[in-house]
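Two complexes come next, and they have one chain in common, chain A, joined by chain B in the first and chain C in the second.
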Partner chain A sequence: MIVQHLMQKKAMLLIPGLLVVGALLIVPIVWLFALSFVSEGRLSLEHYQRMFDDPTYVKSFAVTFQIAGTVTGLTILLGYPLCFWMLRLKPFWRGIALTCILIPFWTSLLVRSYAWLILLQRRGLVNNWLQSLGLTEEPLALMYNVTGTVIGMTHILLPFLVLPLFASMQRIDGDLMRAAAALGATPVFAFWRIFFPLSLPGLTAGGLLVFVLSIGYYVTPQLLGGGTTVMAGQLIQRNVELFSSWGAASAVSLVLLAIVLLLFWVMNRLVPLDHVFRG
Partner chain B sequence: MRRGRERSSLASLLLSGLGIAVLIFLVMPIFIVVPMSFSASRFLSFPPTALSPRWYLEFFGSPEWTRAAWVSLQIAFATCLLATPIGVAAAYGIHTSSSRFSRAAYTVLMMPLMVPHIIVAIGIFFIYARIGANNTVVGIILAHTMLAVPFVLITSLSGLQGFDMAQERAAQSLGVNRLEAFLKVTAPQIKGSIIASALFAFVSSLDEVVVSLFLSGGPSSTLPKRMFVALRDEVDPTIAAISSMLIIASLAIGLAAMVGTRKRA
Partner chain C sequence: MQRFRQDHLDTTENPLAIEVRGITKTYGPATVLDDVSLEIRPGEFMTLLGPSGSGKTTLLNVIAGFVHPDRGRLLIGDEDVTDKPPHRRGIGIVFQSYALFPHMNVAENVAFSLKARRISRAEAGPMVANALSLVKLEGFGERRIDQLSGGQKQRVALARAIVFQPKLILMDEPLSALDKQLREHMQIEIRALHERLGATTIYVTHDQREALTMSNRIAVLNRARIEQLGTPFEIYDTPTSAFVADFIGEAVLAGVSRCDDYSVLLDGRRMMCASKVPIGNDLVLVIRSEKLRLAEAAAENQIPAIVRKRIFQGESHLLFAETANGLTFTVRQPSHVESDGLLPGEGGSANFSLHPAHTVVVRRDPKAEY
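Here is the complex of A and B:
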């Protein structure tokens, strides 16, 4: 069946891409999969067992989900009102607002993490503002902890929520809200009964995307977390670089990958993936 | 009635305030780095007390930094040259066929966007270790090409979706072959999307950190790798200068890509 399709010229066009992704993504993952079941030259489930027994691993996965959940919640809290507000803007201002969302989206992840590193320093801008406003006496420890990681990741991942959510909100027929108002519904009632349910698929897709990207994050937690909070990605890196424990790193990678792919599969059922990525 | 209207105008004022605040939160950190990079002191303060191009001179005077920047640019350029044709070809194949094979291929080609980079990094590191490809420029180019394929695929697919394929069939019925029809009829009309996808491929490679962290080293170290290592150890103000230049570059490229995708009919 596949051979038959390959015979057609069109399918040949897919071969280079499939070769690159196959050789540099699928093969390495299959290899890691095999490694994760080997311990001291024998087949074993030891590396998977450790994830349930060793408190370091349990804690790391707990922290990962906790941070990902907090970041997802914060992006929804900030992103939903932003999108709702943007809907009312005139096209020109809406274009400006969209550009403001795209600017961080285009900027290097490292540069954004660095920007927060400067802002959140002990004597950084945020602490200066907080003190001059009289909100705090002493400078707060805003980075090298979970707070720094959450602030940085919320900033970096917000566009991933806003773009699909705004696209889905734009598809909601504005006449529905006007009809509700004409029939006597208060704006609040019409929002919760009509607009919010219709925006739910976009919100869920965007929220899942933020969550799924958060649990695999490495750069931002490493720089802003300061080594005290170890997310799953850092656990993988440490196992490889500090302990050369490929089996353990592979097992953590595969569990993480399984969760990520499962969430992408759920998301794809709600909103097709290309819609999510294209925004 | 009147009270209701007052309340709703208050609510809309609140909503505007919140919307603007979130936009400021999004943009502010990026634009604060630029003035800070001109600070004369080691301790980056805002606003800078004295202006100086000191950190820019530091960057251009350091063979390590300039070498890393040069390596990164070469890798990004090569990635763009490889990933663009691969991705555009795949997009064309997927767009013109609706077989189960092409749908499955689409999912596989999108995988690099889904798999966390840390897993990609250690996976390729392990494979490269067997064939001695770690710390080579070619090795990083290939890895970046794999990561860039989905960006090119999405962008050029959306270009193709706005294009009427009947034109290409018409050209073919007039006697040109499929490749010629694509090059002479289709490509010029989806040019914007193709350029945009090439720009995305370039930027995705230029900004890539995690995979380079594992695969590059010594003379093949990329700029993001050196920046990451420098940031992990101490906050070196030279990075503010590099960041500002990267911000300007990605802004320019991003705007160019936006114009490219807007232009398509």
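Here is the complex of A and C:
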């Protein structure tokens, strides 16, 4: 009796949180969902139809996935060796390395995007160096295109890959690699048979995080893409700001949401993610 | 590849001798191994026994190849392997944490060493089955690691270490995670397995009883050095240092003075010793509780004392005794002594005696904290 009474009281503690989530998350999503099926005051699938018919939409989605895929791939190529290297550092230097990764993480997204703007422009640092080293004749077009967007996003999203990946690598028992060596495995054999498979859940979690965040990215492509690369996030913004078409914007965001959920579902089947997030 | 096959065929018929020559290892200011030398005979079950921090695990890691010594050489068979990486030493190792690969099932774990040696699946199958049956895990091949109990994991780790028929097996406190009953059972089983396989085995433990139970010889390590090397019997009955006497068994070390080569003065009484008393004025007598007997009138080396406390511990009684001069020691008497009506009660006086063969005198350990 007393326990039940307490349980009821404890459940009350959830109410503020539920109210906030309900008012600020559930209600708007439902509202968006409803809006996307309304066009000129009538129920219609027009907004969804447009996504398949209008080539700018198709192109935009293609670019979004292409960029998200490239960024995910690049963060893995950069992040995996980085994590592997950090694992071998003494605790003090490991702390320093992690801080170096986290400092940009704490810096404003906008600041970092503008920083890249300075570095990557025609007469920016990167082009100056490349030319003074004689590697390139002409300044390269490093921004206001897909390249710039990818460079900026890769840098900004790298910590999202590194943190879960490094956490999962740290959980791998060091004795396992020693055991593998003792059993006659060369370092390369031991890496591919033991270490890599065991780091896979962390890699999947990090990669998925980067991919999902990339799909909805807005600030960096807006600044570094210079209007020539239109990702899905910018599509939504244009629909709202330029065309005041809330229905069209809602439809795009819901499709994005559906894709993200689908990705999680598929990944969860391949690599049980609850395992990863449980820690 | 050809060589591995060869190894695998002539199996452990000719196990290897190990020679540790003057190995030194320091980590910063701490010396973990201080000029340690040790010869292990082919086929021997050698235990490295010592408290934590004595260097026993580091020595094992040097032999395994995980730790490179600052000085000294390591020979396995006739080959100097000091600079050889672990994966080319061909040693079977059982880790304290088992270190089973969690993403593989039992059979895949056991087969790992064979796969690393590129032994074909057809050839590996029977070897894995054989190893699993040696550790009594037939039919467990398909089990996942997280479905196993502690004892079963231990057996898988054992099977994985022996499947490629190594001539040398290292075990780092492999039973410390098991409960007492299972541990004692596994001690007997590992010993039987060793007799059957014949491979030279080096076993690390801090459990003296485990060391006594399993080993052909024991190396007692203390503060980065080997304090004493000998058979379990030698280590227990004739410790050569106060540390070994204190670390192994239940003993009180009582200060004595030297009378002559074969006797000492304890608490004003002359005690005869079967072996020669060391020279020095820092001598202690090792009084092992179970070596003391209730004295018959003519017994040598008598110690009259009063029983202060008497505790029943099942198979034996533990008595806390004190002499007239305040020397205290413990006495262990088998339970039947009580039913025989011979056991003195609390407050009662009794004559205890120590046989000259058990009257062992060693020099006090100047750095010890007991």
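Here is the rule we go by: the second predicted complex is superposed on the first by the 254 of 279 C-alpha atoms of A that agree within 3 Å, B and C clash if a C-alpha of one lies under 4 Å from a C-alpha of the other, contacts with A are read in each partner's own complex, and residues count from 1 in each chain.
FYI, a contact is a pair of C-beta atoms (placed from the backbone, for glycine too) under 8 Å apart; a residue touches a chain by one contact, two chains touch by 3 or more.
What you are looking at is a predicted structure, and each value in this text was computed from that prediction instead of being measured.
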One more residue to check, A:G184. First (chain B), second (chain C), both or neither? second
In the overlaid three-chain picture, which partner chain does A:P197 touch, first (chain B) or second (chain C), both, or neither? second
Report for A:L270: first if it touches chain B alone, second if chain C alone, otherwise both or neither. neither
Taking the superposition as given, does A:Q237 touch the first partner, chain B, the second, chain C, both, or neither? first
First (chain B), second (chain C), both or neither touched by A:L82: first
Mind working out whether A:V38 is in touch with chain B, chain C, both or neither, as first, second, both or neither? neither
Considering only touches as defined above, state whether A:I118 meets chain B (first), chain C (second), both or neither. first
Would you check which partner chain A:L257 touches, where first means chain B only, second means chain C only, and both and neither mean what they say? first
Answer with first, second, both or neither: which of chain B and chain C does A:D175 touch in the superposed model? second
What's your read, chain B or chain C touching more residues of chain A? B
So the chain A residues that chain B and chain C both touch are 186-187
Within the complex, which stretch of chain C touches chain A? 4, 64-66, 85-93, 95, 97, 99, 101-103, 112-113, 115-117, 160-161, 164, 170
Report the residues of chain A in contact with chain B in the complex, numbered from low to high. 2, 5-6, 8-14, 16-18, 20-22, 24-29, 31-32, 35, 78-79, 81-82, 84-86, 88, 97, 100-119, 121, 123, 125, 155, 158-159, 186-187, 212, 215-219, 222-223, 233, 236-237, 240, 246, 249, 253, 256-257, 260-261, 264, 273-274, 277-278
Per the contact definition, I'd like the list of chain B residues that touch chain A in the complex. 4, 8, 11-12, 15-16, 18-19, 22-23, 25-27, 29-30, 32-33, 36, 43-44, 46, 85-87, 89-90, 92-94, 96-97, 99, 101-102, 105, 108-120, 122-127, 142-143, 145-146, 149-150, 153-154, 157-158, 178, 203, 206-207, 209-210, 224, 227-228, 231-232, 235, 239-240, 243, 246-247, 250-251, 253-254, 258
In the complex, go through chain A and note every residue touching chain C. 173, 175-176, 178-187, 189-190, 193-194, 197-198
